Amino acid sequence: MAVAELCIFHLGTGSPSVGEYLKPVIKVIEESGLKYQLCPMGTVVEGSIDEILELVKKCHEAILKAGAKRVVISLRIDDRTDKELTIEGKVKL
Amino acid sequence: MAVAELCIFHLGTGSPSVGEYLKPVIKVIEESGLKYQLCPMGTVVEGSIDEILELVKKCHEAILKAGAKRVVISLRIDDRTDKELTIEGKVKL
Amino acid sequence: MAVAELCIFHLGTGSPSVGEYLKPVIKVIEESGLKYQLCPMGTVVEGSIDEILELVKKCHEAILKAGAKRVVISLRIDDRTDKELTIEGKVKL
Amino acid sequence: MAVAELCIFHLGTGSPSVGEYLKPVIKVIEESGLKYQLCPMGTVVEGSIDEILELVKKCHEAILKAGAKRVVISLRIDDRTDKELTIEGKVKL
């Protein structure tokens, strides 16, 4: 399992607020069945690389469908082969 | 107030684990007095731009002092002028 | 077309240098046929979302195959629907 | 010397274009006297941690002064103690 953080912003809507456009994105994440945690600067998910990249694709589709004219997606994946990474494990030092 | 996420990795220690090097960094964040939240992919802090950048400087010093040979620091700051951003507010859509 | 920046580094090799592990990653990017530009802090590629995510998957495979025990992949995608983004266009203001 | 990439965008202007708001930011970077390179997904600068963080502060001021209501700043710093990092050195593998 890898752990990844996904942060999505959209530009060009006339409002500096992003919540309305992120609701369909959160819905996509919920429906993915992947373990996730909403954090202040992004959503953290736990899954295989394939699952994470598939989720990014669906989130991209969802925010464009919501009307975004321009979208900036930041993804940071942390993966290791010697032991499993988990959302819980990553907050313990 | 701005909200920022700070993610620090070090390279060149022979081990893929990072916890030992991050302990002094977390100590610096605690001692800053800023409101913060440990998240799976980084630590989120709330403060003015000056406070956030000063904290980045101290975290950089702390991880080098802990023995890191190379350090990669990712910082993402979200700031808006029309209303206050807070750690709590950012997880509500 | 979207434009994306891919930044990959690995932990746990005992050396703070990353070049040796990145050579197979650059080879994968070259062989993808996508337009790309090596930049100091990452490699920028131009393609559809599907092409970019497929490339991330292959780069992840390549660096693990090169022996990395832990890998951190940062990806930032910029996509807009009202006009095409290109690598050349993005450096003109 | 450290090498850092700075990526700034703003939200809430009604247009998905960012160039007009970035011009004063580029001017600040030019006037800093630091070595820099405009890349498709951000501007790369070379300097000490103090110089880089001071520059981030000035860029933040410049984009707010240009009228941005909300600004997202991504900064990634790469620093190592065993040898100097440079913009030129970082594109050679």
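Chains: A, B, C and D, in written order; residue numbering restarts at 1 for each.
By definition in this document, a residue touches a chain if its C-beta (ideal position, glycine included) is under 8 Å from a C-beta of that chain, and two chains touch if they have at least 3 such contacts.
The model shown is predicted, which means the values in this text are computed figures rather than measured ones.
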{"item": "Reference interface A-C: repeating pair among A-D, B-D or C-D with over half of contacts shared", "value": "B-D"}
{"item": "Separation of mean Cα positions, chain C and chain B [Å, integer]", "value": "25"}
{"item": "Where chain B and chain D are represented by their mean Cα positions, the distance between them in whole Å", "value": "18"}
{"item": "Sites on chain D at which at least two other chains make contact", "value": "11-12, 16, 69-70, 72, 74, 76, 78, 80, 82"}
{"item": "Arrangement of touching chains [line / ring / star / complete / other]", "value": "complete"}
{"item": "Chain D residues touching chain A - in the complex, by the definition given at the top", "value": "9-18, 69-70, 72, 74"}
{"item": "Chain C residues touching chain D - in the complex, by the definition given at the top", "value": "3-5, 7, 16, 19, 22-23, 26, 37-42, 44, 74, 76, 78, 80, 82, 87, 90-93"}
{"item": "Sites on chain B touched by chain D in the complex", "value": "11-12, 49-50, 53, 56-57, 60, 64, 68-82"}
